[in-house]
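Some structures are shown below for you to check.
What follows is a pair of complexes built around chain A, which joins chain B in one and chain C in the other.
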Partner chain A sequence: MTQSTLEVSHLYTSFFSERGEIKAVQDVSMRIGKGQVVGVVGESGCGKSMVARSIMGLIKKPGKIVSGSILLDGQELTSLGENELCKIRGKDVSMVFQEPMTSLNPTMRVGLQVQEVVSIHENVSKEEARQRTLAILSAVGIPEVKERYNAYPHELSGGLRQRVMIAMAMVMRPRLLIADEPTTALDATVEAQIIALLRQLADNGTSVLIISHNLGVIAQLADHVYVMYAGHVVESASVFELFDNPLHPYTLGLLRAVSSLRSQSKVLQTIPGIVPNLAHLPVGCSFAPRCDKCMARCTSTQPELVAVGSGHEVRCHLTKRVDAQ
Partner chain B sequence: MRGSVAQGVLRRLLYALIAIVGVAALVFVLLRMVPGNPVATLLGEHADNETVERISSSLGLDQPLPVQFANYLLGALRGDFGESYTLGKPVSELIGPAFVNTLWLALAAALVAWVVGIACGLFAAIRKGTIVDRLFMGFSLLGVSLPVFMVSMLLQYVFARYLHWLPVAGISDWTGYILPAIALGWGSAGSIARLVRSSIIEVLQQDYIDTARAKGRTNSQVLVLHALRNAMLPVITLMAMQFSGLLSGAVITETVFSINGIGRLSVQAIAGRDIPLLQGTTLLCTFVIVMGNLAADLLYNVCDPRVRKGA
Partner chain C sequence: MNPSENMNVVSVAEGELGLSSPAATFEEPASVLRRLAKDHKISIVSAIIIVLFVLGAIFAPVLTPYEYDSINLSDRLAAPSLAHLFGTDEGGRDILTRMLYGSRVSLVIGIVPTLLSVVVGTFIGMVAGYHGGKVDTVIMRVADIVMSFPTMLLAMVVMYTLGGGTANVFLTMVLVGWAAIARVVRAETLKLKESEYVEAARIIGVRQARVILRHILPNCLPTVIVLFTLEIPSSILTESSLSFLGMGVQPPSASWGLMVSAGREFLYHAPWLCFAPCLAIMAIVLAFNYLGDGLRDVLDPHLQSQ
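Let's look at the complex of A and B:
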């Protein structure tokens, strides 16, 4: 096995509200190798963004990491204080957010917003920081960088803004780039360009964690995929294995919903029901109420994540039983 | 782009001019609709009709209203606002020194309002939900709700009469401005604090704050470098408008603290049916408020690149 850039083990992240504990992330473990692209897929509210925020140490109050470990090249992040985290954020781990329209400071020139990252983490002259900013801006495919450097965010298109965000995340050559739904707010052609850009970054040795609800994006980018549901990882496999041999009923449902768009089927395949309330999760499997293969023990016992092959893990009673035979 | 900014400024100046002339006309007409003949008031109860008519004619009050108004505007352009009926001096000579007094009071009150308002709002926002927040917000609510005359008299009682720290009223040196500035500034400080607080809380929830934190900025750097400028945008407008309000005369504060400013002069003019003087003070206030709003607009343009284009 190659050295992992990121190793998350048994991470639990919760929000402590007046209505009780909301378990946003439960027992999530994942690893990302150097230069590997790992995808996290799931519906809104499944906890995928919370995994990203836990890694960045950017969970909003009243949320916090309850237990578990996050290792970045062997360094434990969960025990670090705010000041130490500030030295890591933007330098070793960086993040691209979902909304390029609102993720840039509207009253600051975009060049300075990128340059800021350099001056936070390195003691360099203004001129050198500026040169590095111009270089990274053109590296992410922004034309006429000298003019764009002085532009305000509202003067740029969504695609250009997301490129600025990626430039900001890449300027320090971090070990890990987290992209939280980086293409959701963009149109299809721009999406393809951004995906190509992220792919290129990974080929240059940056590990990428890409979070998306879009299986198409995941299929194009990721080497390995984690499927999340209600705060749990329910299935994890290499991208080929997942699409060829999906085992969890939820993964099957997601794939059916996509393939029904491709085939000529008149009816859009959906997964019935909605994501459960994280404050009142069912006793057994969280997916049981929506599962068409639900059995008696599914509503009483929480299934464990079990390995079913090389790098393929599933959290489902059904799989366990098949395995036992 | 530079051309469109200049055009925008010119257009706003034109609007400002229209507003000033409009208000001048309105005041002119309204003052002549007020019951009571100013000349009769001037001459006292026992003046006969003939004298009243003679004086009216010498003051030009027998001419048709549009002619009077045109004459007034022409005079105003030359800096001649007529002569005060009651004080026997040119209005411009009376307004000048009064405006200087008001200007000092307004500056002092604005200093109180801005420093206290922004500081309270900022601390309340970053300590949201704590005792500090509640204390500051209670303090600002008091400032907004207490009537100025009451605050003035309380301050006079405590700091002048009881503690003997500051003069009760009148301006002999700068210490005379302290109590009136607090009385006048507290209310403005209250509304600024509340706006600063809500604006900062709102800005801190924006996505670009997360971006700044993800870059490795510390919380205080995020607040100063990314949140403050954006949060101050709505506050700038409020501050500029409040300042022009302060400049146009604090009638009650000036009266309570015996400051010979525009507000007190206006009260005297009303009491004496002194039409030229009242017109003069009103026109000055209009000018100050319109210019204040113009300044707020332009300042907003400088601070927010998003509105610059369409200026």
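Let's look at the complex of A and C:
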């Protein structure tokens, strides 16, 4: 990894509600190199999407980025105003949602929705914008583009709509594409096609940040993985390292919870309990209440993120001790 | 006729509309018409009645041999006959003729100020809903004040200070009318603002004004169209009430409310003076209400599934 497209360091994002400060993202740092695919995994409500929204500058009131920096090819994004962000969104950074069924405007022809991105960001003729739209639509694997260009979203299947969304995100050839659970609403065959498409984009030099709770998707796509829990990165490693040598009890739990055809057990392994309320996080390690290896230290002091190997970092008292030996 | 009672009926219909949520899908007007024809025959009948009234208003001079203001004292208060289908009034003027000419006033006052209120209300509602915060609070409190103010009283204040006449009737109706529309559109905008495609539009870098115009307004339109058709009858009734009270259109111009007002004195020995314009008001108000209801049923996917 020579130069990173995205560099997030010590990002804190909070929501200030009547019940107090809700710390959605705490001390998150991540790097994404050019053409690299980085995965973020975790349960619902662990702050994955909030990291994505912070990068896009789409945190809604009463939420805000408290501190930290987000560098896109060296440009600081956290200090930009709404107008500057509008110029960057869609052009340099794009995002694909998990809901292809509802993410397209039902009153606009899909071709025009893709074309809108071009006409907003670049001063080109209608005809050229149209040509580029048709090109990107066929590039994402939509058949009969000329007919589909004039279709309304309700006339397309879920897979095609997700492709249109990806086309919208890709038409300006952004440097970074954030895919927030891009395949959750799709069936397995379409999921495989979309994954192949994302892989292809990365091979062409786009950096991809993929957010998922599906470890299978992450295993197929990502080069590097961040595991998030309650707003923290608890483990970060290359995809092979993470699957071969998971260290954090939460990562172990997630991997155990994946059902396998070869599994001997008849009962699906789960992690007991639920993600803690982000407004009332436990004093020590936020995973301590659910951890089967919880020690006295875990409930009093918060562990630091420590490096345990090349590119492998873990936030756990247990690893610190192992490492020290 | 009791105008205020009828107006309550109309406002109940609006209340229902506010609760139901509108179309999330888009369809071509032709397909809307087909579905109306299939499931809501009464709406089609209503639409035909409305078209007939409009044609009657446009071609009034061709349709009747009489002038609306030509006084013929030998024919005073004549009962309905072949020569005068709805009879004549105290000046011997043909009531059918006056009704046809009066429908010009009533339809224009029904449609034009309503259209203005809808445009103004939609704009204000979208701005309030999209901005939220203080802008929203201020706009909505003003709307609450407007809506809690008795319409007739406000109309009288405007008429007494600025004088009667059509322009001031328009003004009063827009002053009052925008608030109800703004409220519904604001609620709609609040919902659409959170929708994934508005979020998606922001993600691709669409600026605020464009988000409102391209992504929120078209999706509010089904609601706005239904509101428009349901507001028209209340405007027609307001005009009738104002004219009935002598504050709207001034004689010798004809309007239905004015005709009812004039006929009141002769209610016992020449009831046709009131009967014909009342019938016209009732027919057009019912027609617009049924059409609005039909459109709402057809454009609202939540009602369809029931």
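Everything below uses one rule, namely that the second predicted complex is superposed on the first by the 319 of 325 C-alpha atoms of A that agree within 3 Å, B and C clash if a C-alpha of one lies under 4 Å from a C-alpha of the other, contacts with A are read in each partner's own complex, and residues count from 1 in each chain.
Rule of thumb we're sticking to: a residue touches a chain if its C-beta (ideal position, glycine included) is under 8 Å from a C-beta of that chain, and two chains touch if they have at least 3 such contacts.
Predicted model, so just to flag it, every value in this text is computed and none were measured.
Chemist: Mind checking the superposed model to see whether chain B and chain C fit together on chain A or clash?
Modeler: clash
Chemist: Quick check for you: in the superposed arrangement, does A:M95 touch first (chain B), second (chain C), both or neither?
Modeler: The answer is both, since A:M95 touches chain B and chain C.
Chemist: One more residue to check, A:I22. First (chain B), second (chain C), both or neither?
Modeler: neither
Chemist: So, does A:M165 touch the first partner chain B, the second partner chain C, both, or neither?
Modeler: A:M165 sits against chain B and chain C alike.
Chemist: Could you say whether A:M108 touches chain B, chain C, both of them, or neither, answering first, second, both or neither?
Modeler: A:M108 sits against chain B and chain C alike.
Chemist: Using the superposition on chain A described above, determine whether A:E116 touches chain B (first), chain C (second), both, or neither.
Modeler: both
Chemist: Check whether A:L176 is in contact with chain B, with chain C, with both or with neither, and answer first, second, both or neither.
Modeler: A:L176: touches no partner chain.
Chemist: From the options 6-14, 60-68 or 276-284, pick the one stretch of chain C whose C-alpha atoms clash with chain B.
Modeler: 276-284
Chemist: Both chain B and chain C touch chain A; at which residues?
Modeler: In chain A, residues 56, 58, 83, 86-91, 94-95, 97, 99, 102-108, 116-117, 120-121, 152, 154, 165, 168-169 are touched by chain B and also by chain C.
Chemist: What part of chain A is in contact with chain B in the complex they form?
Modeler: Residues 56, 58, 82-83, 86-91, 94-95, 97, 99, 102-108, 113, 116-117, 120-121, 152, 154, 165, 168-169.
Chemist: In the complex formed with chain C, which residues of chain A make contact?
Modeler: Per the touch definition, chain A meets chain C at residues 56, 58, 83, 85-91, 94-95, 97, 99, 102-108, 116-117, 120-121, 152, 154, 165, 168-169.
Chemist: Sort out for me which residues of chain B touch chain A in the complex.
Modeler: Against chain A, the touching part of chain B is residues 206-208, 210-219, 225-226, 229-230, 233, 303-306.
Chemist: Chain A touches which residues of chain C in the complex?
Modeler: 24-26, 195-197, 199-207, 210, 214-215, 218-219, 221
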